[in-house]
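What follows is a set of structures for review.
Okay, so subunit A shows up in both of these, paired with subunit B first and subunit C after.
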Partner chain A sequence: MSPQPQAAVGAPLSRVDGRLKVTGQAEYAAEHDLKGVVHAVIVDAAIGRGRITAIDARAAEKHAGVLRVIHHGNAPKLPYRDNAGSNNPQGRRLRVFQDDRVFFHGQPVAVVVAGTLEAAQHGASLVKVRYDADKPSTDITKAEPGEPTPYARGDAEAGLSSSAVRLDLKYELARNHHNPMEPHATVAQWDGNRLTVWDKTQWVMGTHDEIAAVFDLPADAVRVINPFVGGGFGSGLRCWPHTIVAALAARVTRRPVKLVLSRKQMYFGTGFRPAYEYRLRLGSDRRGRLNAAIHDIDHETSSYETFSEAVLGAGQMMYSMPNVRQAYRQVPLDVNTPIWMRGPGFAPASFVIESAMDELATELGIDPIELRRRNEPAEDESTNEQFSTRRLSECYTVGAREFGWDRRNPEPRSTREGNLLIGLGMAAGAYDCGRYPGQARARLDADGTAVVEAATTDMGPGTYTSQTQVAADALGLTMRTVTFRLGDSEYPFTAPHGGSSTMASVGSAVVDACNKVRRQAIKLAVEDRESPLYGVNADDVVVRNGRLYDRNNTARGETYKSLLARHDRSRLEANGSYEGPGSDRSAYFAYSATFAEVSVDADLGLVRVRRMLGVYDAGRIISPKLADSQALGGIVGGIGQALLEHTVTDHRDGRIVNSSLADYLVPVNADVPDLKAIYLDGEDNAGNLLGVKGLGEVVQVGVAAAIGNAVFNATGRRIRQLPITAEALL
Partner chain B sequence: MSSELSDSAVSPPTGAGESTSGPSRRTVIATGAAVGGVMVAGGTFLAGAEEAAATVAAPSSRVSLTVNGTRRTVTVDNRTSLLDLLREHLELTGSKKGCNAGACGACTVLVDGQRVNSCLTLAVRLEGAEVTTIEGLAKGDKLHPLQQAFVDEDAFQCGYCTPGQIMSGVGCIQEGHTNSPEEIREYMSGNVCRCGCYVKIVRAVEQTAARK
Partner chain C sequence: MHPFTYTRVSSVREALDAGRSGGRYIAGGTTLVDLMRETVETPETLVDISALPLSEITAIAGGGIRIGALVPMAVATADPKLNSLFPVAAQALRGASAQLRNMATIGGNIMQRTRCTYFRDVTADCNKREPGSGCAALGGYNRGHAILGGSDHCVATHASDFAVALTALEATVRLQAPDGKDRSLPFADFLLRPGSTPQREQNIRRGELITAVEIPAYPRPLKSAYLKLRDRQSYSFGLASAAVALHIRGGVIREAKVAAGGVATVPWKLPAVEQALIGERPSDRLWAEAAGHASDGARPLQHNRFKVELLKRTVERQLRTVGEME
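So, the complex of A and B:
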C-alpha cells in the first residue's frame, strides 16, 4: 500500500454503480442503442456431427422484414489469423460459415438478419438445412482420451501399496453451464473499415484481438466496449463464434447488427465446465498421515480444441504427502469447447479430494478437521516454495467455533428431526489466484476530481467500486470525486477479468498510476516557493480529501485545486503498470473452510441446505460489503454445483436436452437459507501492492464437498457424483 | 427510436428505408461470393441493397397502453412480447431478457398492479393496461424504498436480474407475502439471481415491507 491514509479501502461502502443498476439505467451489451440497428438470429445445427449438404433459405428470405440469410454457401471467406496470447485453447478454432462441417449439435450454420427481432426469429425457423449426419460421440465414459499430462513426486504406487489404509474412489462430475443472467450478446457496427462492438465479455482486449485476427484488421481499427456485464462466471473469458457472426452480418448487410443468444443457445454457443471422470486412490497410516495419492483425471473437450484447466493444483499443494502421481487427460467429443467456470480446476478437484478426506476421516475415526490439520503442509510440496500466507488452520478454528462444529455427531444417520435426517459437513478449499501484468492511467483535473481508466471488466464483483476505493486513497480524494472507467479496449491493457486476479493485477496498476499523479502534485508543491509546502520533504506530504499537507504539521498544506490553478495546469496525469509477481517466488493461494448443515428427507431423498458458513484467508479485503456478497454468491454457486446443476446430453444425436432455465436447475431463493461469510483479517503482500489475494473463485471451491460430506453425516450414504440428487440417495 | 404513434418504427419494417431497386438477392450473393475471397481493408462486400421487398407484411395491431404513467399508442407486430416492446421499441431496457421463457423473472414488470413475466405477455393483449417498469419506480431523484434497500443491503452484484427482483419484490410486498423470511423466499423464487444474492434480497424486501 502507499503511505497514504486509508479512508475508502476497507470501508463497507455501497456500490458506486448501485443507483444505475437499481433504476435500470446500467447499459448491458444488447442495450446499446444505435440508429438503424437490425437484428440477427443464428440458425443452429440440428445434428451432432456431419456435413451440411444443402441450405434452402428461400422461405426465410421471403419472410417480411428479413434482409439477408448468411451461411457457408454465401459468406465471405474470413482470414482467421492466428491469435497468439488469446484464451483460445490449442487446436483449430471454429470458423463461422467457412465450410460445410458440423462439429457439434447447435453449431451456427446460418444467420438471419431482419429489420425486427420477430422477423429474424421467425426467419431463422424457416431456414431449411439438410445434412449428411454422422453419429456423434458425446459420452465421456465411452470415448478415447487424449495423451495424459503427467505429474509425479515420490513413488505413488509403492507408497499406496505400503499404506495401512487405502481408498480407491471413483467420481463423476456433471457438466455445468455458467448461465449468467445476461445472455451473451453483441452489437456490431462498421464505419468503413473500422469496427466497434458492444459485447458481453470478461476481457475487452481478448475480444478485440480475436476480432482483429479473424477479420485481419489492424489493432486500431477495432474497438470493444462493455461497461456492464450481467454475470459471467467464466463464460465471457473468450470471444465466442456469435461475436464474429454479428460482426460478419453487420459487414455483409452494411447495417449495425444486434445479436443476442437465446438461453438455449447459451448451452452450445458459449463454453461450460466440462464433465469429469475422476479416480482417486489415497493411502494413509492409521493416524491419518497421508502417504500417497494417485489421481486419474479425465474431462470433456471438443474435437477441435483441447481445453485445459488447473485441475492438478489442489492434489499437489493441498495436503502434505511424499508420494503423488497424477494423470490428466482430455477426452475429445463432438461438443463445443469448454471454458473455465468459477473456481476452474480447483472446484471439481476439491470435491473429489475433500470428499475423500471425509471418507478417510470416517474410516479412521478421526474428526475431519483434525485429519486435515495432521496433513497441513509446511510448504508447497510440488514446488518447494514457501506459502506467501496460508492460514487455513485459522479458517478451521474460526469456522468450527462460529458454526458449532462441536455439536456434530460423527456417527452418520444419528441426528433426526421427525422424518428429516440432519447432517453437518465441512471441506477445505484453495485457489491459485492470478497476478497478471496490466496497466491503468490516472488523471487529476484542475477542479480536484480524478478519472482513472483501465480496460478491465465488472461482471458483478464490484470492480467499479473497489477500484474507485483503491484510487481514492492513493490520490487522497473522496470516493465522490474519483471516477473509475472500465470496459473499453481503448483504455490501458489489462488481462482477463477472471481467475481471481483483478484486484491484485489491475488494482496494483491503479495504485501505481495514482501514486505517480500524487507524487507529481507533491513535487510541484514542495518545489514551489508560493506553496505552504515549499521545502517540506516530499515523503512527509500526504493527501486527504484533496488537500496536501505536511504530516508533521497538518496545518501546513493546500489543495490540489489551488496548486493546479497556481501552476496553470489543467491536469496531472500518469500511466501506471503492474508487471506481475516478478521475483516473488512464494506459493500464492487463497484458502477457504466451508461448513454446511443439511437435512435429507429419509423417504424422499430430498436434500435441503439449512445453513452454511465460509471462512476465508483471502488477504486484505478492499471492499468488505461487496466481498461479503461475493462470498455468499460463491456459496450459492456451490449449492448449485452440489445439488442441482447438470447439463444432460442425448447421446443419440448430441443434443442438450435441458437447455433452459426450467430444466437446468440453478438455486432459487427458496434453496438458499442462512449463509454467512467471514474473512480473516490480514494481508498478503506477495507480489502485489495491495496486500490482497483474490476471492471470486475460492468462495466456491469446497462448497460442494462440504454439502456432500454433510449429506453423508446425515444419511450414511456417500454419493461420489455431482450433482447429489434425490435419485442417488434413494 | 421512440415509436409513439409512429408506425414505421414498430411495424414490421421493410428494411428501414433501403432501396428496393438494384440487383436481385441472388446476384448479390453470387457477386459477394465471387469478390469475397478474403476480407481485406476496404470492404469488398456488396451490401444487400435490394432486400426485403417484403411480400406479405406480418400481422400487426394497434394498441394503447400506459407505461410508467405515460399513454403510448403503438402499432406492434402481433408476435411482439411486452418485454420486446419495452426493450426494442420504447427504449425501456431496464426490464431484462434472461430466458425469454418465463423461467427466470428478469423481465418482471407490473401490469395493472400484478407482477408478470413480460416475456410471456403478448403486447397486443395489453389494450388499456397500466404497465410499471423499473424505470417508473423512483420519484424523480428519490429511489423507491425497495430500490434504496437493494443498494443499502448490496442485494445485487452484476445487476442484470435486479430490475426484475425489485419489481417482483414490490409485488411481493403489495401481496403481503412478507410475513417471514421463509415466505419471502418462497414468493421471490420466480426470480433467479445467478450471482447468488438471495440472502440480501430477502433482507431488502423484509426491511422495506416492515417500513410500510
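So, the complex of A and C:
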C-alpha cells in the first residue's frame, strides 16, 4: 500500500469544534434539553460516618413544585449486578439509597425532584435528616494502612547500607481535586425499559456498562451520550453515584430528570487525587551512581473501595540501579473513593523521586542534569524490556540549551533581584502511555464527504480535531469534508479516554477503518474499465483532496465522487480496529524534561513562577497547536500541584472545608506568565500505526518537582510538602 | 435559595421606608446573592437601591474626598482624584477582581461578609450565622482566620481590602436613618469586633442606609500605598495586607497612618506602629522597629501561626516601600 500524503497530520490546526464552543452551540451534558424535564438536587450527608436514623421530608414534599423526595426509606431496591469493568476499583461500590449507612461526609442521602431547579434546591434544603454519627477517620497520618503491594529487585536494604551516600526523605502530598470548569451532570430519560443518559464522562462505554449492571438491564437497553466535555483531567473516568441517582429519579418519577452537581458537590460527589505519604531512601556512590532505593508509599482510599494507581513505575524504570524495594499501601478512610488525576501515579511519584535526585545532586556537588545522565538506564530494569524509544537525554540537552541552564548558579540564594531570590530548577518525567483495543467505523458518502465514528471522548485535548486529521489523511480528503463523531455508546467500542492512550489506540483504529475504505475505492477504480485508473497497480494509487491518482502518472485519476456515482454506490463503509500493542514487547513511555524559574520573596515567602519550559519525547505530534494546549495546560496543572492545590478536610467530622473555587486555589492567568513547550522530532512505532506516544499525562509529570527544585535553588530551603506555601518559606 | 420578594426603589425616601419595614438593601449583590445561594442569608425582602443618586465622587475642601455608597468599585478605582489624593485606597480597591469591581459598590464593599468557610457552610457550627451554635473554626481549619481581634465566639477575618485603607486613613461612614436623620461614624466604630455577638458586624441600625464614605484631608505631601499578600497573584483573598500613609516633612515623619488586613476580625488599625514612627527619621531600623509592634496582642490558632511573623514583615515591607517613595 502506498503511503498516503500527510497533509492534515502535523499541521497546526485550530479545533474543528472551536466555533461551536465559542458560540455556545456545543451541547454539554447539563445543556441537553428534553421536553418535560424535571430537576433533581441531591441532599448530602452532614456527618462523616454513621447511620441515618430518620428522614423527615414532609416540608420538602409540601413545597410548591416538588414532585418527590427519594431516599433509602422509599427507593426501589436496585440489582447492583457485579461489574468488574467500568473502572470500578476493587471493593463494594457505593449503592445509592439502598441502606441507612453513611460512609463519608457529603454522601448522597436523598434526592429532591421538582419541576424547577429552584424548587428542587429549596426542597433539598428542607429535608431534615437525623443521624447516629460515629467519629470518622479521615487523616492519613493517623490511620492504619492496608496490605502492601510489594516490588523488589536486588537487595535494597543491603544496597542502601553499603552506599557511600544515603538520603532518607519523607514527603507529604496534599489531596488534589480535578476541578474541571464543567460540573458533572446527568440527564436521564426512560422509554419503557430503555434508558438514555446524557452524562459528563470520559468513557461512555464504562458508564453504559455500569448503568446496565446497576439496573440489571440488557446492554442494548442503555445508551450513553456525551458529545462535549468541559474538562475532565480524570474526574470522568468512572460512573459516579449521581449518575445512578438521576436514572433512579427518572424511573421513580417517570419523567426525564436533569441532575447537575454543584461546585461544592464536585468535591465529594466525584473523586480526587489522593493525599500521599511517601518515604524515599536513596543510596549512591560518591560519583552519583545510584545503588539502591526503598520506597514506602501510602495514599488515601475509601473504606469501601481500594483505589490504586501506577505509582510504582517511576521508581522502577526511571533510573538505573541494581537494588529497589517498594511497598505501596492504601489507607482506607471515611472518604469517597479517589480517581486518577492527570499524570496519575507518575505525578506524585516524580515529585518525590525528582526532588530527591536534586537533593542528591546538591549533596554530591554534581549538576542535576549530569546526575540524571549518569543514571540513565539502557533498558527498563524492572522488566528487562528494551525501550521502544527513550530520548530523555536529548530532552535534557535541548531543554538546557533553550532554557539557559548554564546561567544557573548551583549555590542557593546566590541570585537576587531586590527583595526577590531567583532560582532555577529542573526535573525529569515519564508516563506509561496506554494502548488499548478499540474500534472505529468509517463511511465515505457519494458526495465525497466522510463520517468517522468511535465511542471515545474529547475532554479537551482535541480528539475531534486530531482524529479528523488522521482520518482525512488516511482517506485522502480535506479536513472540511471529514466529520469525526464521538461520545455515544452506540458508536464502536473504545477504552477510557485517559492514560494518554487515545491517539495511539483510537487513532490506530481510525486509520485502519479509513485505510479499508480507501482501499475499497482504489479496488473499485483499478478494476473498473471505465476508470482512468483501470489496470493501475492498487499499491500505486494515492488519494488527495478526494481524488484518486496514479503516483507514477498524477494526471491519471478520478474523484471519489465520480467513482461512486458511476458505480451507483451511495457509500463505502468499513469497520476498523486496533488490538493493542500485540506482539510489541518494548517498554513504551513518553518522557519529559521540565525547567522552571521562580522568584521567592526573601521576606514574605511568596513563590512566583517566572517561566517554564517543557521538552517532550512524545513520539509524533499529530496536532501541534493542540499539543501546545495540552502541554501548557499540563504545566499549569503542575504549578497548581506545586504551589496552590490542596483539598482540606476537617478531621473532626470529615467535611471538606474548601469546597469552592474561591477557597481551593488553582492557578490563574497571573500565575502562569511564560510557558513554552518543545517536542523532539520523531516517531515511536511501537505497536501503533501513527508513530505516536501519549502527551496529555506526561506534561504534568515533573512540573511540581522542577518548581520545588527551583525554590531550593532560590532559597536554600528544601520543602518536602505539597503545596509549597508561604508558611513553609518564612 | 429561599423564596424572597424583590422591589426596586428610585428615591432615598422610598428606600428608607422599605428598609424600615425590614427590607434588605441590595446593590451589586456580589456578597448577598452568593450567600443567598448557599442559604447563609435568607432575606424575605430585597430592596434594590441601585438607582438611587448616591454615585458621586466629590472633593471635600482641604483635600478630602467623599465617595457615594453606590459608586461601583471599578469607577472609584479609576477615579483620578482618589488616585492622586489617596493611592492607598485606589490600590486597595484593585485587590478585588475586575468582575467584582464592575459589579460591587463602595457601600456593599464595606458591608461584605467574611470568607470563613464554616460561616458559608450551613451545616457547620457558626455563631455568626447561628448565634449560640459554636465556632467550628476555633478547633477546625483556621489558616485564613484572625490572629487579632477574635474572641471565643468568632475568629473570622474581615475580607475587604478597601476597608483596610479606610481604617488606616480614619475615614467616616455617612448613614441616613428611616426617620431621615443623618449620622457620621468614624470607620473604626462602624465595623464591630465579634466579642460575644459575632452576628453583629456593623454599627448600623434597622433600615439605615449608607450614603457615602469620607476620607478626611491630610497635610501634604502624603505618600501612601497598599500591599496585599496572597497565595496566588489574583482572584484571591489576602493572607495579610498593609495600608500605609506617611506625611514626611523636613526629613521627619509627621503623620503615620497604618492598618492591616487579612489577619483580624476587623480591619486592624496599628496605633503602636504609628506612634513608633511619628517624630522619627526614616531608616531601615525604624521600619523594622515600628513593624515589630504589628502583631502585638496576637492570639494565633493552629493553622495561622505563621501570620504573626508574616504580618510584621508585611508591615515592615510596606513602611519601607512608602517611606522610600519619591
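What we mean here is this: the second predicted complex is superposed on the first by the 728 of 730 C-alpha atoms of A that agree within 3 Å, B and C clash if a C-alpha of one lies under 4 Å from a C-alpha of the other, contacts with A are read in each partner's own complex, and residues count from 1 in each chain.
The definition used in the following text is that a residue touches a chain if its C-beta (ideal position, glycine included) is under 8 Å from a C-beta of that chain, and two chains touch if they have at least 3 such contacts.
Bear in mind the structure is a predicted one, so any value in this text is a computation, not a measurement.
*Asks:* Between subunit B (first) and subunit C (second), which, if any, makes contact with A:Asp650: first, second, both or neither?
*Replies:* second
*Asks:* Look at A:Gly438 in the shared chain and tell me whether it touches subunit B only, subunit C only, both, or neither; answer first, second, both or neither.
*Replies:* In the superposition, A:Gly438 touches no partner, neither subunit B nor subunit C.
*Asks:* Which partner does A:Gly425 contact after superposing on A: first (subunit B), second (subunit C), both, neither?
*Replies:* neither
*Asks:* For A:Ala670, using the defined touch cut-off, is the partner it touches subunit B, subunit C, both, or neither? Pick first, second, both or neither.
*Replies:* Both partners.
*Asks:* Between subunit C and subunit B, which one touches more residues of subunit A when both complexes sit on the common chain A?
*Replies:* Per-residue touch count on subunit A favours B.
*Asks:* Check whether A:Glu727 is in contact with subunit B, with subunit C, with both or with neither, and answer first, second, both or neither.
*Replies:* A:Glu727 contacts subunit C only, not subunit B.
*Asks:* Looking at the overlay, does A:Ala662 come into contact with subunit B only (first), subunit C only (second), both, or neither?
*Replies:* Once the two structures are laid over each other on A, A:Ala662 reaches both partners.
*Asks:* With the two structures laid over each other on chain A, which partner does A:Pro377 touch: subunit B (first), subunit C (second), both, or neither?
*Replies:* So A:Pro377 meets neither subunit B nor subunit C here.
*Asks:* Is A:Gly557 touching the first partner subunit B, the second partner subunit C, both, or neither of them?
*Replies:* Neither subunit B nor subunit C is touched by A:Gly557.
*Asks:* May I ask you to decide whether A:Gly605 touches subunit B, subunit C, both, or neither, giving the answer as first, second, both or neither?
*Replies:* Second partner only, subunit C.
*Asks:* For subunit A, give the residues common to its interface with subunit B and its interface with subunit C.
*Replies:* 118, 121-122, 660, 662, 667-671
*Asks:* Please name which positions on subunit A make contact with subunit B in the complex.
*Replies:* Residues 14-15, 17-28, 30-31, 33, 35-36, 38, 61-62, 64-68, 73-79, 114-119, 121-122, 178-183, 190, 192-193, 215-218, 228-233, 251-255, 260, 262-263, 459-462, 625-626, 628-630, 632-637, 660-662, 666-675.
*Asks:* What does subunit B use to touch subunit A in their complex?
*Replies:* Going through subunit B, the ones touching subunit A are 1, 12-16, 18, 25, 29, 32-33, 36-45, 47-48, 51-52, 54-58, 77, 79-80, 84, 87-88, 91-101, 103-104, 106, 133-135, 137-138, 143, 147-148, 150-152, 154, 156-163, 166, 184-186, 188-202.
*Asks:* Where on subunit C is subunit A touching in the complex?
*Replies:* The touching residues are 1-3, 39, 115, 117-118, 120-124, 136, 139-141, 229, 231-237, 239, 305-306, 309-310, 313-314, 316-317.
*Asks:* Which residues, counting only subunit A, touch subunit C once they are in their complex?
*Replies:* Going through subunit A, the ones touching subunit C are 46, 118, 121-122, 125, 419, 603-606, 608, 643-644, 648, 650, 652, 655, 657-660, 662-663, 665, 667-671, 725-727, 730.
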